[in-house]
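In this document, chain identifiers A, B and C correspond to the written order of the chains, with residue numbering beginning at 1 in each.
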Amino acid sequence: MANISHTNESASSNLMARALREAFYAGLVAIGLFVLFVGLKTDQNILNELVLVQRWGLLAVFVAIAMVGRFLSVAYIRPWLDARKAAKAAAPTVEREAGFVARNFSLLALIALVVYPPVMVALFGFQGSLKWVDNFGIQILIYVMLAWGLNIVVGLAGLLDLGYVAFYAVGAYSYALLSSYFGLSFWLLLPMAGILAALWGTILGFPVLRLKGDYLAIVTLAFGEIIRLVLINWTAVTKGTFGISGIAKASVFGIWSFDVSASNNFAKAFGLPMSSAYYKIFLFYLALALCMLAAFVTIRLRRMPIGRAWEALREDEIACRSLGINTVTTKLTAFATGAMFGGIAGSFFAVRQGFVSPESFVFLESAIILAIVVLGGMGSLVGIAIAATVMIGGTELLREMDFLKQIFGPDFTPELYRMLIFGLAMIVVMVWKPRGFVGSREPTAFLRERKSVSGSFTKEGHG
Amino acid sequence: MALETDTMTKDPILKVEHLSMRFGGLMAINDLSFEAYRGDITALIGPNGAGKTTVFNCVTGFYKPTMGMITMRQKAGKEYLLERMSDYEVNRDAKVARTFQNIRLFSGLTVLENLLVAQHNKLMLASGYTILGLLGFPTYKRAVGQSIEQAKYWLDKANLTDRADDPAGDLPYGAQRRLEIARAMCTGPEFLCLDEPAAGLNPRESLALNELLRSIRKDTGTSILLIEHDMSVVMEISDHVVVLEYGQKISDGNPEHVKHDPKVIAAYLGVEDDEVEEVIEQIAEIAPGDTH
Amino acid sequence: MEYFVQQLVNGLTLGSIYGLIAIGYTMVYGIIGMVNFAHGDIFMLGGFAALIVYLILVGLFGGIPIALALFIMIIVAMLMTGLWNWVIEKMAYRPLRGSFRLAPLITAIGMSIALSNFIQVTQGPRNKPVPPLVSSVYDIFGISVSLKQIIIVVVTAVLLTIFWYIVNHTPLGRAQRATEQDRKMAALLGIDVDKTISITFVMGAALAAVAGTMYLMYYGVIVFTDGFTPGVKAFTAAVLGGIGSLPGAVLGGLMIGLIESLWSAYFTIDYKDVATFSILAIVLIFKPSGILGRPEVEKV
């Protein structure tokens, strides 16, 4: 007994010594990493010359954080994780019956979304609800729609597309240009934008079908950039970087308008006080409806031969061909369907902003959408919706953190850290859950019972 | 003599004529001609590197041969020149299905889904190229029902009914082999090409495989072409054996004929020292008990 | 004719910078099959390190000879980015090695976003101009060649020679090539695979730092978003040359530099990037494995 406690003691003192040593090294590395970038800051003086500002205090803070973090990680967190892993391995977890919330998650989430605008209005008033309905609600829904579209290409068909934002741009500009040049209505242009984007998906998809993996990725990235650069440089039509503004608003199926001057104005028709909140709430429900449509189509498609062929393509392209599946048309339909959702989301984006410019369609957007798909768990609609909410909603929340100014001083602008945190969150989530939030796959047909397929069996595609 | 009368009465389903395949400077197949007959199990054997899998890939459209003609004649009399068709057309139109040496299942799909993917073209048509299916037309629902019945039939044959809802990647090796064959059969082929179906199977699984192949031939009338290393399987189930060495045919006939062909013995004994004992043993094993 | 040669010189200079960055992409891809999306930002980090070192040197010793200053800038920038990439590989990429193919890609994209925003937060979002470091221009047969261009091309050539020697003629290079061929077998033969991969990241980062320093010297300005466009173009160069091939990366870099400068000179500068990307797409459609890449045989 005494012996054991003795060895335990020496082990723990060894651990402490090791943790201290590791913390010391971490401190040295942190000094190396941050001495130039944090310890010094390049600033311009009145003569517009660069001068260095010294910030050794801040450097010390960074180094201290690194040391303490490393110490805690080695001394406490790692042993704790190991112990937990060992405990888990020793006692295999009994499959727990999924709780009420888990079983009905989709339905509950849908109900929550439907009551979301009225609740926000009740809480913050019409004007106050704008921010919550628009910046959070609509924006997240747009990303959900985009990510569900990209999911068909990446998650189901296993084709890595880094230029998805191109179709978003095609949709947005289709609406912006056709409505401002020809005055066509939103309800006509919404499906048209989808069709045009699908057409572009087919056109761009055709030459790249022979390419695999990272080659496909770079060519799709190149196409995305080409479309953006054309939008910037073809000033005669697109007005270049100035963008197109004053895009017509959507109407409620042509019955009520949201233009203040129109005689069939929504608020006037119902004798309500004027507010821009109605339009936003209308757009929120519209976005929700479009998302539901996308989800419905995706769920249906997965049970169609084409959807199964997409997934089979992701698993093994050669086997697909040996079974008589024309992989060229299968890939093209995946590209076109994904692009169509992108186009619809794009035209919705244009109508919501009332303004489009190439600035909105940079590579970063493609990266964010792809990240949402992968973080959510490829192929899983629920996982992707959760990822979009966490990543977009989470970073959007930073804009609201004014109280941080009281802690860090009035110069502190939390928005600056938005993308930094977004990037770090991507890394952390991937390292923590490489297969995303929902790693398992729901089978599309079953004989006796529907068992979800563990992520370790599904492949990620090589196309 | 017996051999010749045999071939006279038989109707060739696949005719390979003057097939050559060159990879850079390597002549993998050199002027190969052989026939496979309708209703037969034809075995393609030969030492490692003899070009068996290359022949397979040419027949199934995965390689374009440098020279030669491969004719597939369906039961209804329609002829297809396989060397001119792309891989998926060989399956879709000419009705030639295949399996792979290194199993290629859709491991993240369930066993049942694997069998449904194999019925893609039929279902695609029934779903009106997705559009009618998306709108929920009853024709599609009926077609799905039939496909599931078809899948059930093959699940039962391959003894996989209990595992129908498990991911294909989760099956043991022998079951994966059987599933790959069942999947190929779900495409409704007239001619089935199996690339080393018994590789890596234990004796019990090997027996089950023989059973499955025999019943495929008996119940569906599908003709089979198989590559095999395991002599006991070849001698046990095949009606007709073609032997390749260095891309050329060295023997062709029924198992009995091939087994005693000095060229075949030389080829097997001459190639690799470590295989010698194995082959002698196998021949000794099979020779007395072969009453097939 | 002179105009054409002039554009060739410009293209060669630009191409050298792309080539230096492209090597980092191609080496990392070769050894662990991962597109290190953050590599462009490592390049930007190198440029910033050089900038800060330059400001320190000018602040401490006003009249330091420019050659010495450049030398110190390059060395410090190489060490600095090497350390960064070493830490990044260890913390973000190593845990994902051998997992799902898209996970490291997404992590690298996240890292790219994090790095550029880290510099934005710590160094500010504005352009950072420096006075011209090297300004002499020579007239050679009617073509004006600036000293900057000569430095860039010469430094690139020297580094590539050293680099080529390391990869082909040292035990380290042998370990790298072995790891590239078969990681498991290399480990069984006693090669420290983790260390080899780490060193590969450090080497790639060091070359990117040199490119960053050259970029700063050539354009005289740097900003936190500067990692993206040169990064994507260098990646394009690596793919164009055949990803995984070192000579391919340099060739691809030079090609992209030349396409860009010739297109801008003879057509329109607005569409120069469109031209670059279109040529990439066209080359890949006809030769899917890039110019010097080994064609991937589809094994059935």
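Quick note on the criterion: a residue touches a chain if its C-beta (ideal position, glycine included) is under 8 Å from a C-beta of that chain, and two chains touch if they have at least 3 such contacts.
Being a predicted model, the structure only gives us computed values, none of them experimental.
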Top chain pair, ranked by number of contacting C-beta pairs: A-C
Farthest chain (mean CA position) relative to chain A: B
Chain A and chain C, separation of their C-alpha mean positions in angstrom: 29
Distance between chain centroids, defined by C-alpha means - chain B, chain C (Å): 50
Whole-Å gap separating chain A and chain B, where each centre is the average of the chain's CA atoms: 46
Touching two or more other chains - residue numbers and ranges from chain A: 318
Touching two or more other chains - residue numbers and ranges from chain C: 300
Junction residues of chain B, two or more chains touched: 62, 100
Chain C to chain A touching residues, read off their complex: 29, 35, 45, 48-49, 51-53, 55-56, 59, 76, 80, 83-84, 87, 92, 95-96, 99-107, 109-115, 117-124, 126, 128-131, 228, 232, 235-236, 239, 243, 270-271, 273-274, 277-278, 280-281, 284-285, 288-290, 296, 298, 300
For the chain B and chain A complex, residues of the former touching the latter: 60, 62, 87-89, 91-92, 97-100, 104-110, 112-113, 116-121, 123-124, 127, 130, 133-134, 144, 148, 152, 155, 161, 164-170, 183-184, 187
Touching residues on chain A, where the partner in the complex is chain B: 297, 300-301, 304-306, 308-309, 311-312, 314-316, 318-327, 333, 441, 443-451, 453-454, 457-459
List of chain A residues in touch with chain C within their complex: 29, 32-33, 36-38, 40-44, 48-52, 154, 160, 207-208, 210-215, 217-219, 221-223, 225-226, 229-230, 232-233, 318, 363-364, 367, 370-371, 374-375, 378, 416-417, 419-420, 422-427, 430-431, 434-435, 460
